[in-house]
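In the two complexes below, chain A is the common chain; its partner is chain B in one and chain C in the other.
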Partner chain A sequence: MDAREFDVIIIGGGITGAGTQRDCAMRGLRTLLIERSDIATGATGRNHGMLHSGARYAVSDPESAAECIRENRILRQIAAHCIEETDGLFVTLPEDDPHYQATFVDACRRAGIRAEVIDPAQARRLEPSVNPALTGAVRVPDGAVDPFRLCAANMLDAKIRGGQVRLHVDVTGFIREGDALVGVHTRNRLTGEKVDYFAPVIVNAAGIWGHGIAALAGVDIKMYPAKGALLIFAHRVNQMVINRCRMPSNADILAPGDTVCIVGTTSTRIPYKNLFNVAVTPEEVDLLITEGAKLAPSLASTRILRAFAGVRPLVSADDDPTGRSISRGIVCLDHEERDGLKGFITITGGKLMTYRLMAERATDLVCRKLGVDKPCTTATTPLPGSEERSYEAVAQRIWEAPSTAQKAAASRLGTDAARLRDDRAGTALVCECEEVSVSEIDNAIERLDVSTLTDLRRRTRVGMGTCQGGFCACRAAGMLARAHGDTDKARKDLRNFMTERWKGNFPIGWGDTLREAEYTQWVYKHVLGL
Partner chain B sequence: MKFQAYTVSKYNFDECMKCTVCSVYCPVLQVNPLYPGPKQAGPDGERLRLKDPYFFNYALKYCLNCKRCEVACPSGVDVAGLIQAARIKYGQDRPTLRDRLLASTDLMGTLARPVAHVVNGLTGLRVTRAAMEAALQIDHRRVFPKYSGRSFESWLRRQAHAQAAYKDQVAYFHGCYVNYNYPQLGKDLVKVLNALGVGVQLLDKEKCCGIAYITNGMSDIARKNARHNVSVLEEAVHGRGLKVLTTSSTCSLTLRDEYPALLGVDNTGVRASILIASRYIYERLEAGAQLRFKPGFRKRVAYHTPCHMEKLGWGVFSERLLRRIPGVEFTLLDSACCGIAGTYGFKSENYEASQAIGVPLFEQIRAVDPEVVACDCETCKWQIEMSTGYSVEHPISILAQAIED
Partner chain C sequence: MRFDTVIIGGGLAGLTAGISLQEAGRSTAIVSTGQNALHFFSGSFESLEEAPERIVGLFARAGIPLHYSPGVRLMPLGTFRPAALSLDDVSLLDQPKFARKVLIVNFQDYQDFFSSFLADGLRHQGIACRIVTPGHLADPSMRVRAGELRSVQIARTMDKFWEKAVQEIRILLKDEDAVILPQVFGLEDPTIPGRIRAGIPARVIFVGTLPPSVPGTRTQRLLKRRYEALGGTYLAGDKVLQARVEGGRVRNVTTRNLGGHILEADHFILATGGYFSKGLKSNPFRVYEPVFGLDVRQEADRSKWYDADFQAEQPYMAFGVETDAALHPLRDGQPLGNLYAVGSVLGATRPELGSGAGLALRSALAAVDQILSPLDL
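Let's turn to the complex of A and B:
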C-alpha cells in the first residue's frame, strides 16, 4: 500500500484510464491509477450506455465505424456481464430523406457492419414500441453496455494483477527532471492528505479534463467540450436500440439499459469553466421528449426518471460549432515527439466503444518507452465476471432456485456473483427497485473502492431505480457508516447523495417524478428527522 | 415548455411511489417469508421482467389475489393485476391434475350432481381426504363444499312462467356455487326479488366466470369462458334490456374487472349493468320499495366483508341492507382476509399460510360470538365455517328469512 514508485501512472478513472491500467498490468507493469472523483464520472458514465455497432458513424466517419464494429465483437467476448446483445434498428420516418438508407447500408457494409434491410412490418414485430409510421428499417448489431460495470471490471482486473487505484485524489502538479516528467504531486480530496508518486511514464487519460492536466504539464491540447443531454425513462419501453436513419443529429437514439431506457443526445459547445457544473435546460428536455417520441411514441407518456448531461472529450482543430462532424477517432499523443516532454502521453478522443483499442495504443506506447516487449492480450482475456456468456447460466449454476434479486445480481456481477453470501442477512434487500442485496453492497465496499454513496451507486445501481434513493440511500448510508466507522461522514454523504439525485430530477420535475420526490422529502425530513 | 400531460403504463405501474403500503396490507407477506410481497412482485418486479422475462419469480404463485394491495394503493396502481398478468405471461409451471380439478368448478359440478350424495359422503370421509392429500396435494384438513342433487338452473327454468309475470325483470348470473352446491341462495334471491315485484331470468347458458382458471394457470380456458359470458351478457343487457345481478363477490369482480384487465376481453358494453344483488336491492329500497318483515325476527349478525367486495367498493350495500332488517343486531367485523382465496387454501402447500392469515378474523368472530356470520363470498363461508364452527350465511339469505313468505 505504501509504494510510491511505479512503472506507469495513469491519470483518469474513466473507461480509458481503467482500460489502460488493465492493459499495462497485463503486460506486467506496476501501475497506479489516480482519479480526482470516482470511476466513470465523466463522459464514461454519461451517455446512452450503448454498444455501438458503428453504424451511426458509417457515413460520416468510416474509420471510427470500422473501429467500433471490431471492438463491438471483442466486447461481446470479453465483457459478457457488462453488455446485452439486443441488436438495433435504424428507422426511416416519413420526414426523413428516403434515399439516405441506401447510402447508409452501403457505408455500413464497407465498414464491415452487418446491416440488414427489413420490412417496416417486421421491424414493428421485432420492436413493438417503434414509431408505426416508419417507412424503412435496417437491423444492425447494436447493443447495450453498462459503462460503470465495464469500468469497475477493468479496474478490478488491474488490481487483481497488482495495480493500485487512488480515487478522490487530485493531481496538483507534476514532478520534473530536466525535460522529463517523473512523478505527480497529489492531494486526497476527502482527507486532504498530500502524497507524491513516481513513475517514468505518466498517461493522461482524463477525458475532457485532460486539457487541464496537459496544461499542468505545460503542454497545450485543443479540446472541444461538447455537451450532450439525455433523459432516462422509468422503465424499458424498447428491447432493441432504436436509431434514426439519417445523418447524426439531436435525440436520435433510444437505447435500453438495464431496467431503464435512455433517449439522447443533444450537442452544444460549452466553455471549459462550465465543465464541473453541466445542467440540462428546459429547451433540451423539450427537444428530447419531442424527438424521442418520434422514435417510440409511448415515450411521450412514459414517466421520466432523470435528465443528465455529459461532455464529450472531442479533440479538434477546426471550428465546427456543433462538434457533430468531428471525428470520434482515437488520439494518442506522445508529448516527447510533439512537445519535447519526455515521459508523458495523452490518450483521448475515441469513445466508450473503442476504449480497449485506445488502451492498447497507449499501452503500446508506454511499453515502447519502457523497453517492454509484450503483446496486448486484452482482446482475448475475459474481464472478471465475464467468464460465462449468460447470466441465466451463472445464476442457475450458483443457486438452485434463484430469487429475483439473485438473478439480478448474476446479471450485474456475472460469475463474480458466486462470491455473494446466501444467508438471511446477506440476501435482505437494500435497494428494492433494482433488487440489490446486502451482500452485493458488502461485495462492492470490500472490493471496489467505495468511499461515498455515489461511488456505491455506480457499482451496484443502488439509488438508480424509480425511488431515486428514497428507500435505499439511508440503508446503504448505514452500511457505509459501519464499514468506515464514521456516522457523521455518512450523514453528510447521505445529504450530498440525495441532493445529487434531486439535481437529475429537477429538470423533469413534474407528475409522478415530483410526487415521488415530495414523498422522499417527507420520509427523510419527517420520518427520519434528517 | 412542453411536458407530458399523463403517464400511461400498463396497470399504472409507473405511478408507484414505492410507499410500500400495499405490502403492509398484504395478508400473505405477514405469514409467508417466501412471498416477496405486492410491491416487489408487482411494480418493482415488472421493471425487471420488462428487461428480461427471466427475472420472473416463481414465488408469485403465493399471491392469493385478494386485491387488498390495490385497495390500499394511494397511487391507483393495479398491483394484483400486475402480479396475475405476470403469472399468466411468464409463469412456467404447468397446472397439475390437482389444479385442473380445483379450477374446473362447473365440470366438477356437472359430474357430481347426479351422484351428489355419494360424492358428499366420500369427501366427508377421512380416508378419502387422506387419499386426496397423497395423490393430489389437496389438504386433508380442508372441508369440501357439498354438492346439491338438483341444479339451480333446472329449478328456475321450471319457474320461468311465474317469474315472467312480474312487472320488472332482471337476469341472474348465479355462478357455479349456487348452481351445483347451494341452490338455496338462488332461491332466497328469487324470493326477495319477487317480494319487490321483480322477476328473475337466467342468462342464455352462463359458464363459470373463470377466476379459478385464471389463478390456476389456465387462462386460455378462462378467456374462452369470458368471451362466451360477455356474449350472453350482451344478449341479456342489450337484447332483453336487463340488469344482471350476482350474489358472488368474486364472480362480480371477475366479470367486471378481470375480463378486460387480465384476459383482454372487452366488456365495456355490459360492465355497468353487472351488479351485486345487495346493491340492486338496497337501491330499490332507497327509491321507496317496501319489504314486509316478519314481526318477531331476531338475529345477531356479524358481517365479514370479502376482500373482493372491498375491491368493488360494494361492502357497504350488504352492510346497509343487513342493518335495515328489523330485529338484526349488527356487528361489522374488522377488514381482514379470511385466507382461503378460492382454490388457494385447498392446496397442501398453502394450507398453513391460509389458516394463519385467517387468525385475526377467526378470533374476532369468537369474541363477538354472533348467531350467524354474514358474508357474500362462498369460499370465505367454507373457510369461516371450517375454522370457527360458526355458521355463515349470505346477506340475501338472511334477508329472505326476515321477510314474510
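Let's turn to the complex of A and C:
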C-alpha cells in the first residue's frame, strides 16, 4: 500500500478530530489526521476545562443538556485519568430571580440530570469559597476535565491502532475527481515540505477554521465566531464547580482544574480575520474579576495567572444569513447530500463534552460511505491511561512509595506513567511549579508528537504554573534542542514560547503577576542573554 | 534607636550606601526583607562605561575583586553582550572569537547550564566545541541525592571539591585552548575562580546559570559581612511598616521585628528595589511605592504599561519614584528633604544614572555624597 493512501483523512487536531480518528481507527479504518498547528490549540484547549453535567443548558437547550449528561457518564468511565469528579453548585445570589431555581431544577430532572436542592448553609459547608450571601443552591454532577490530556489520549489510542498524525501541516487544497474529493495537498509549516495524501472520504473537523476548509472545497458553511474570554487564577480557591443559577450569561462559571481555577466567559462575535490573534481586552478582564468575585469573593484578592480567549465554532442554520438561529448542538453535514460533493463531511458545532458523540456520528457517516458495517465501541472502551480509576492507586502500584511528582505524573498519564524512568536523572524536575520530571518530558517527546515548547506544554503542563516558564522553559528548550539536534530552532522556539506566555500575562499584569514578569524579563534579557 | 542614616533595603544599592557611610564614620542601620536582585546578578555592572576607582576600591576592601576591561562577555544562551566592569569570575573578552577550540564542561544531569546553546553560539563564531559531562566530576554524595540539582547546591559541594574538579578537567582537556565552566564556584571563597584559572592550562571562562546566581549570592554575603565589620546594623528579615513624616522630612520608621522601638535618623535612604523586591507594587489601577506613598512616574492607562512583544523594552519597567535633581523623592509633588531614593525603585533606567547594577551604584554614591556634604542639612 502507498503510505499516502488512507481510508479516511481527518482535518483538525482538536478533540473532535482526535475523537473521530480514534473512532475510525477502532472500526478498522486506515486513518490520517492533519492539523495546522498543534493538538487542542483551538476551542478544545480554550475553555473552562469543565465536565458539564448539562445543567447549564437544561432550561435553554434541553436536547444539548440530555446529550451532555449521557456523555458525562460515559467520560467518567472511559477517560478517568482526564477527569476529576468534583460535583457542581448552581447558586442563587440576592440579585438573581429567586423563581428561576424551580424552573431550573424541573428542567434538569426532565433532561435526566440529578439536581439536588440544598440549603445555603450546607452549600457553604460543601464549598467554603462560595459567596456567603447566597440564597439558594442546587447540587449537580459537574466535574473537571483536562482537555489537552483528553485530546492527546484519543490521538494516542488512534496511533496505537495504526492511525497516523501530521501536526504543523496545512491543508492547502483538495484533489478532485469529477464531483468527488479524493485527496488533499498539504504543506508542512515547519519544514515547507509539500505532500499529497489520498482517501475516499475526508472529514472536516477544523472547528471554527472549518469555514475556511469548506471554502477550499468550494462549499459554504455559515459560522458564527463567538469569542469567549477567561481568567486562570494561580490558586484553586474552589473544590466544586460554582455556577450562577440564572439564564446563561457572562462570567457565571468558576471551574476548578488541577492546582488552579478558571472563571469565564464572555461572548462577543469577532470577524474571521481575527481568528489567529484573539486578544483579551482590559474591559473583559475587569468584567470577569467583578462577576467572578460574586461567585467566590476571595477571587478579588487572588493572583491571576493568565487571561485567554477561545472562539466557539457555532454554526448558523442553513439559509440564515443573519446568524440568529444559532445552534450549540452537533452539526454533521454530508456534503454529497447538501452540496453534491462526494467524499466530504463536516462535523462541527457541539461542545467539548459531546466530542465522542460527534465523533460517533461522523464515523457512522464515514462507514456508511465506505460500506463498512462495524458498530461504535468508543463509549465502552477506556482510553490509554484510563484503565484504572484512581491515579493514587496507579502511582502506588508502579512505585510502591511514590513521590508527589510521581503522583502528579500518574494523574496526568494514568497507567501510562509506568513507562517513566525512575532513576535519578529521570526523576529530576524540569518544572517545579507543576512537578514535571525529565522522564515525563522524554516520554512526551518520544510518543506524543512534540515539535515545539508550546506543544510540550500542552502535553505535560510545563510552563503552566506560577513561574509561567521563567525557569522551566530554558531547561525544556535544552532538552528539545538535544532531542531534535537543532539548537538554533530551539532558541527561536524559546523566544516564541516566552512571547506566547507573556501574551496571556500582560492583560492581567499587576501585583504578583507583574512582579514575576519583571523578574522573568530581566533574567531572560540581562542574565541569560536571549 | 537613633542612627545618622537609616537605609531601607539591603541589596546592592543599600549595602553600597551603608558601607560608604560607615567607612566615613557615620552610624547606619539597614532594614532588609531579604529578597533582592543580587540573587540574579549577572556578574557585570551594566551601564558603567568609565573605570570607577571608587567602586573598585570599595569592593576590594570587602574582599570582592573587580576588573575593568571594556569588551564582550559570553551569555548563558550562547550570545555575546558588551561588558566593562565585572566581578573577577566574569571573563571579559576582546572579541567573540576568543578561542580556536573550547571544551564545555557540565555536571551530569545539571539542567540549569545550557551547554548545547553555548556550543551553538560559539560555532556561529567559528569556534569548535566539545561538550563533556563527566559523571564523577563532583563529590559522590551529590550523585546519589535524588531530584533537583541547582546552582547553589553544586556550589556548596564545589567549595570543598574544586581541586578534584580541576584535576579531572586537566585530564579531559585535549587540544582545546579554552574551557567553559558553569558559574558555580566560590560561594564562600571569592578566590576559588582565580585558583581554578591558575590550575588549568587553558583559558577558563565561567558562564552564568539559571538563578540563583552563585557570584551574586557571594557578593551579597561579602558586602553584608563588610558592612557589619564596619559596625553597621543589618536588620535581616525585617520590614518597615510605617513611616512618620513631618514638615517635609522623615522623622522615624517603625519595623515589624523591633516591636515598639522606632528607628530615628537624620537621613533616610530608600533602596527597596523594583517590583521583584517589592519596592514598587501595583494593582489594576496604578503602580505605587508602599513605604512612604511617594509619587510614582507612570502611565495612567493600564493598557500602556506593556509592550506585547516579550523582548521589547517594557514601559512598566521604566516606572519609578519621582525625585528632584538631588534624588529627594516627591510626595504629592513636594520633595522629602532628608530622604534619598536609590537603585531600581527609581525605575529600571534613568538618564544620567544608567540601569541595573550601574544605576544602583551611581545613585547610592550620589546620595552618600550629599549626606556627607556639609551643605546637606
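One rule holds for everything that comes next: the second predicted complex is superposed on the first by the 518 of 530 C-alpha atoms of A that agree within 3 Å, B and C clash if a C-alpha of one lies under 4 Å from a C-alpha of the other, contacts with A are read in each partner's own complex, and residues count from 1 in each chain.
The working rule: a residue touches a chain if its C-beta (ideal position, glycine included) is under 8 Å from a C-beta of that chain, and two chains touch if they have at least 3 such contacts.
In this text the structure is predicted, and so the values were computed from the model without any measurement.
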Exercise for the section: Name the contact category of A:Leu528: first (chain B only), second (chain C only), both, or neither. Expected result: second
Problem - First, second, both or neither for A:Tyr519, with chain B first and chain C second - result: both
Problem - Touched partner set for A:Arg236, first chain B, second chain C, both or neither - result: first
Practice task
Please work out whether A:Asp286 is in contact with chain B alone, chain C alone, both, or neither, and reply first, second, both or neither.
Solution key: both
Exercise for the section: Could you tell me if A:Gly511 is touching chain B, chain C, both of them or neither one (first, second, both, neither)? Expected result: both
Exercise for the section: Identify the partner contact of A:Ala401: answer first if only chain B is touched, second if only chain C is, both if each is, neither if none is. Expected result: first
Exercise for the section: Quick one: classify A:Pro132 as touching chain B (first), chain C (second), both or neither. Expected result: neither
Exercise for the section: Figure out whether A:Gly218 sits in contact with chain B (first) or chain C (second), or with both, or with neither. Expected result: neither
Practice task
Examine A:Pro94 and indicate which partner it touches, taking first as chain B and second as chain C; both and neither are also allowed.
Solution key: neither
Problem - Contact residues common to both interfaces of chain A (with chain B and with chain C) - result: 282, 285-286, 289, 429, 432, 471, 510-511, 515, 519
Handout entry: Touching residues (chain side chain A, partner chain B) in the complex
Key = 234-236, 256, 258-259, 282, 285-286, 289-290, 298, 300-304, 391-392, 401, 403-404, 407-408, 411, 429, 432-433, 435, 465-467, 470-471, 508, 510-512, 515-516, 519
Handout entry: chain A contact footprint on chain B (complex, rising order)
Key = 1-9, 13-20, 36, 39-40, 43-48, 50-52, 54-59, 75
Handout entry: Complex contact set, residues of chain C against chain A
Key = 37, 40, 42, 46, 75-81, 108-109, 111-112, 114-117, 119-120, 143-144, 146-149, 208, 210-211, 213, 274-276, 278, 281-284, 302-303, 305-306, 308-311, 314, 316-317, 348, 356
Problem - Residue ranges of chain A touching chain C (in the complex, touch as defined) - result: 282, 285-286, 289, 424-425, 427-430, 432, 438, 471, 474-475, 477-479, 481-482, 487-488, 490-491, 494-495, 498-499, 501-503, 506, 509-511, 514-515, 517-519, 521-530
